[in-house]
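Report on the structure given below.
Just so it is clear, A, B and C label the chains in written order, and each chain counts residues from 1 on its own.
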Amino acid sequence: MKETWKKLRKKKLAMFGLVMVSLIVLVAIFADFFAPYDPSEQFFDGLTLQGAPVGPSEKYLLGTDLLGRDLLSRIIYGARTSLIIGIIANGVAILIGTTVGLIAGFARGKTGTVLMRFTDLMMAFPALLLAITLAAIFAPSLLIVALVIALVNWVQIARVIYTQTIAISEREFVEAAISLGATPVRILRKHILPQLVPTILVWATLGIATTVLLEATLSYLGIGVRPPTPSWGNIIFENQNYFQSAPWLVFFPGMAILLLALSFNLLGDGLRDVLDPTQRGKR
Amino acid sequence: MNYFLKRIWQAIATLFGVTVITYILLYLLPADPARQIAGRSATAETVENIREQLGLNLPLWQQYLNYLTDLLQGNLGRSYIQKAEVSELIMSRLGPTLQLMAAGIFLEILIGLSIGIFAAYKAGKAIDNTVMVSSFVLVSTPQFIMGILLLYVFAVRLGWFPIGGYGTIMHLILPALTLGVLGAGWYSRMIRSSMLDVLKQDYIRTAKAKGTPERKVIFIHAFKNAVLPIIAMIGIDIGIFMSGVVVVESVFGWPGIGQLAWQAIQRVDIPIIMGVTLVAAIFIILGNLIADLVSPLIDPRIKIQK
Amino acid sequence: MSKLLKVENISKEFQTKNKGVTVKAVSDISLEVKAGTTLGIVGESGCGKSTLGRLILKLLKASAGTISFDGVELEKLSEKELRSQRMKMQMVFQDPFSSLNPRQKIADIIREPLDIHKVGNMASRKKLVEETILRVGLSLEALERYPHEFSGGQRQRICIARAIILKPKLIIADEPVSALDVSIQSQILNLLSELKRELNLTYIFISHNLSVIRHISDQVAVMYLGEIVEMADSEVLFKNPQHPYTKALLSAVPQIDGSAGAKQILQGDLPNPFHIPSGCSFHPRCPVAIEICSSLKPALMPNSAGESKVSCHLINPPKAGGK
């Protein structure tokens, strides 16, 4: 553990990512403290006489949106939404993916083949379209959005865990455990799963970049988080008609998304280099 | 020969599997599929009619068989919101989307190759590092942001391109760029490392010893070897593009199946959404199949991979 | 002494990726091991001895044959019953580097058999672990460390500790010292001998090293291409080898007392296990093969002196013994 940290510290980009992630998480947790205004409060002077949003000013640091709400506050609270969904979705995806990959890789035989064929099948669907389909079928809610994203993202993790589980199962200490009389459950729990921790850790970080991006896209399409709950994606969705006259409404939230995804990507990539150099460069 | 047949058979099996999944999504998951298909503003009567037509009272396997037969005949169902056959809607819009995808792939390879080769050539120097970081940034940018950004800077501000729409090459460039630039980032990293590997190999040194100018050495010898992974990736790229077109077409107002899907989303028009998803999946399976069939022809070493 | 282990007609075939082509790793092997003795199984790499060891412990599923351990027929047991039987039969693996989980503390590794079979409580387990690690020659503070902090010989001691903590009846040692330095080898072998006496163990000792086998075994079985070609008491086999293969093996071993027999260099290479020769599988390399050796497979039978079991037509002519 400590060695990993030491190695990670040397990677400047990864450290930058870590710092940024921590900052954003901090802001999200203490949104009440950081946000200058209530994100749903519509200000009278937040709109021009013609009813258009107001640009960045002393009072509204990042300007206002189409309903006269302070953009900065909405972005800060939006961090909460995007992070929560990103983390939950990724967590569920890792749970499903690891379970499927583990069982398929350890049990092999028919169970393994069936599970992996199913995984391959799900991979044939383009992620976004599948997410859109699922989101359209189920009633909208924050939890559903997170679940939908998880259902789309678990396949990649399952594949990776599957190949790794097979490799680990063939190592001699697993054979030794069998010869001691360990049950399959015990072997999975005590011998195989611990070896998978580095991989899972890497996916826990990299995966959040993907889930955050997917949530933003879904919300931008109008099918993710629904207004008035602010999410970076739906802020852009709501204000897209103003993008020519009030481009900050698109680019400030956009930059926030970019920053968060980039930070997790840098951190995750650095972690991967440190923990498992063989996986370098994979998509 | 064996490998090719096996691979084709695999693709067919996957196609069938995909239809099963779409069937489940369409008819089994929703609480009331007939109502879902009819749309929010349909009358109770319409819903009942649909229920009859779709034979939702029949046993499951029979329903699926009907569904499959319809598919094989090119019938993707009907949109009650737009009052048209889904397959017709998709066919009429497929052209622009394919055009966009082709342009996207072209730009992606062009940019990816040039930057990758350039970065490999200047490996280790400051420029190379900048390239590496930028590719990270690219990968972390949501496509709709990239699209809006390009649109704003080059169309709204600079006026070089029209602000969305369809018709000429000028309309095509920005959306194709948006589609392709993401993958270009990834390609450039891959080309860079692949070329660095090749450049180290002996025969490059021999060519250099022979006296051919350095630039020629790099471009000719290393290029050939580095190109191979691109072919393999195109199949997978098609899949990613299929997702991308929904966003890109809606940002730029490009009349393809992506925009069709986007409209369908706004109106919760399930049959269209399912239809587009299915068509996209088919393209992905075909794309992967072609990539897998073509790779061994170019490099026999690839053969036994999967 | 009673028969602790009885193996009857054990075979193992492996399927290959090519349809229908199988490799017979172990062919129709039968043997018995008496309690308190050490059976040495010796042969070149690839002769199937490791596979045999794993078959006996049921780490691999046999294609045919039965195994009786301590009066219990292992094939008849359910998964759960088999796991319970494992308390009595343990294995020490060849590579002490890979047979230990790199992420487990030594204490946990040695205690694992107790945890699995729910022996005693945490306190009694801790005590037993401490006693065992001392017994194999390591100190108590080793318990808190991880495998990578130890040398090969020390890791093998840890493996042995893990194997004996449940006080099993049978231990199968698969090349336990082959990966170790020669100076360490004798230490480990001595440890194994001491433990055998103290705990009244029965060993099956697998190795390609004849001197080690001679040193430690009561009975010896010589394997070639998945079959036993000769089996006898250790003294008998080394003094009076019967089978041509055994003779060749022994002649290759440098003798310390300087008395070297005529060195018999075997012709040819070890055949491809996919294409086992017809008749006696050794006949292509055998310096004294006769015509019948290429068509009829010899059975493992006692020779005329009754001391050794040999599968060779020259020792046991087919007409006399029959099949």
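Going forward, a contact is a pair of C-beta atoms (placed from the backbone, for glycine too) under 8 Å apart; a residue touches a chain by one contact, two chains touch by 3 or more.
Just so we're clear, the structure is a prediction, and the values are computed from it rather than from any experiment.
Could you tell me which chains make contact with subunit A and subunit B both?
none
Suppose chain centres are the mean of their C-alpha atoms. Which chain sits farthest from subunit C?
Looking at centroid distances, B is the chain farthest away.
Which chain, with its centre taken as the mean C-alpha position, is closest to the global C-alpha centre?
A
At what distance in angstrom does the C-alpha mean of subunit B lie from that of subunit A?
22
Just curious, how far off is subunit C from subunit B if you go by their C-alpha centres, in Å?
Measuring from centre to centre gives 57 Å for this pair.
How many angstrom lie between the centres of subunit A and subunit C, each centre taken as the mean Cα position?
52
Mind pulling up the subunit B residues that touch subunit A in the complex?
14, 17-18, 21, 25, 29-30, 36, 133, 136-137, 139-145, 148-149, 152, 156, 163, 186, 189-190, 193, 239-240, 242-244, 246-247, 250, 261-262, 265-266, 268, 270, 273-274, 276-277, 280-281, 284-285, 288
Inside the complex, what are the residues of subunit C that reach subunit A?
These residues of subunit C touch subunit A: 57, 59, 83-87, 90-91, 93, 95, 98-104, 112-113, 116-117, 159, 162.
List the residues on subunit A that touch subunit C in their complex, please.
Interface residues on subunit A, with respect to subunit C: 171-173, 175-183, 186, 190-191, 194-195.
If we count contacts the way the header does, which residues on subunit A are in touch with subunit B in the complex?
Of all residues in subunit A, those touching subunit B are 13, 117, 120-122, 124-130, 132-134, 136-137, 209, 213, 216-217, 220-223, 233, 236, 240, 243-244, 247, 250-251, 254, 257-258, 261-262, 265-266, 269, 281, 283.
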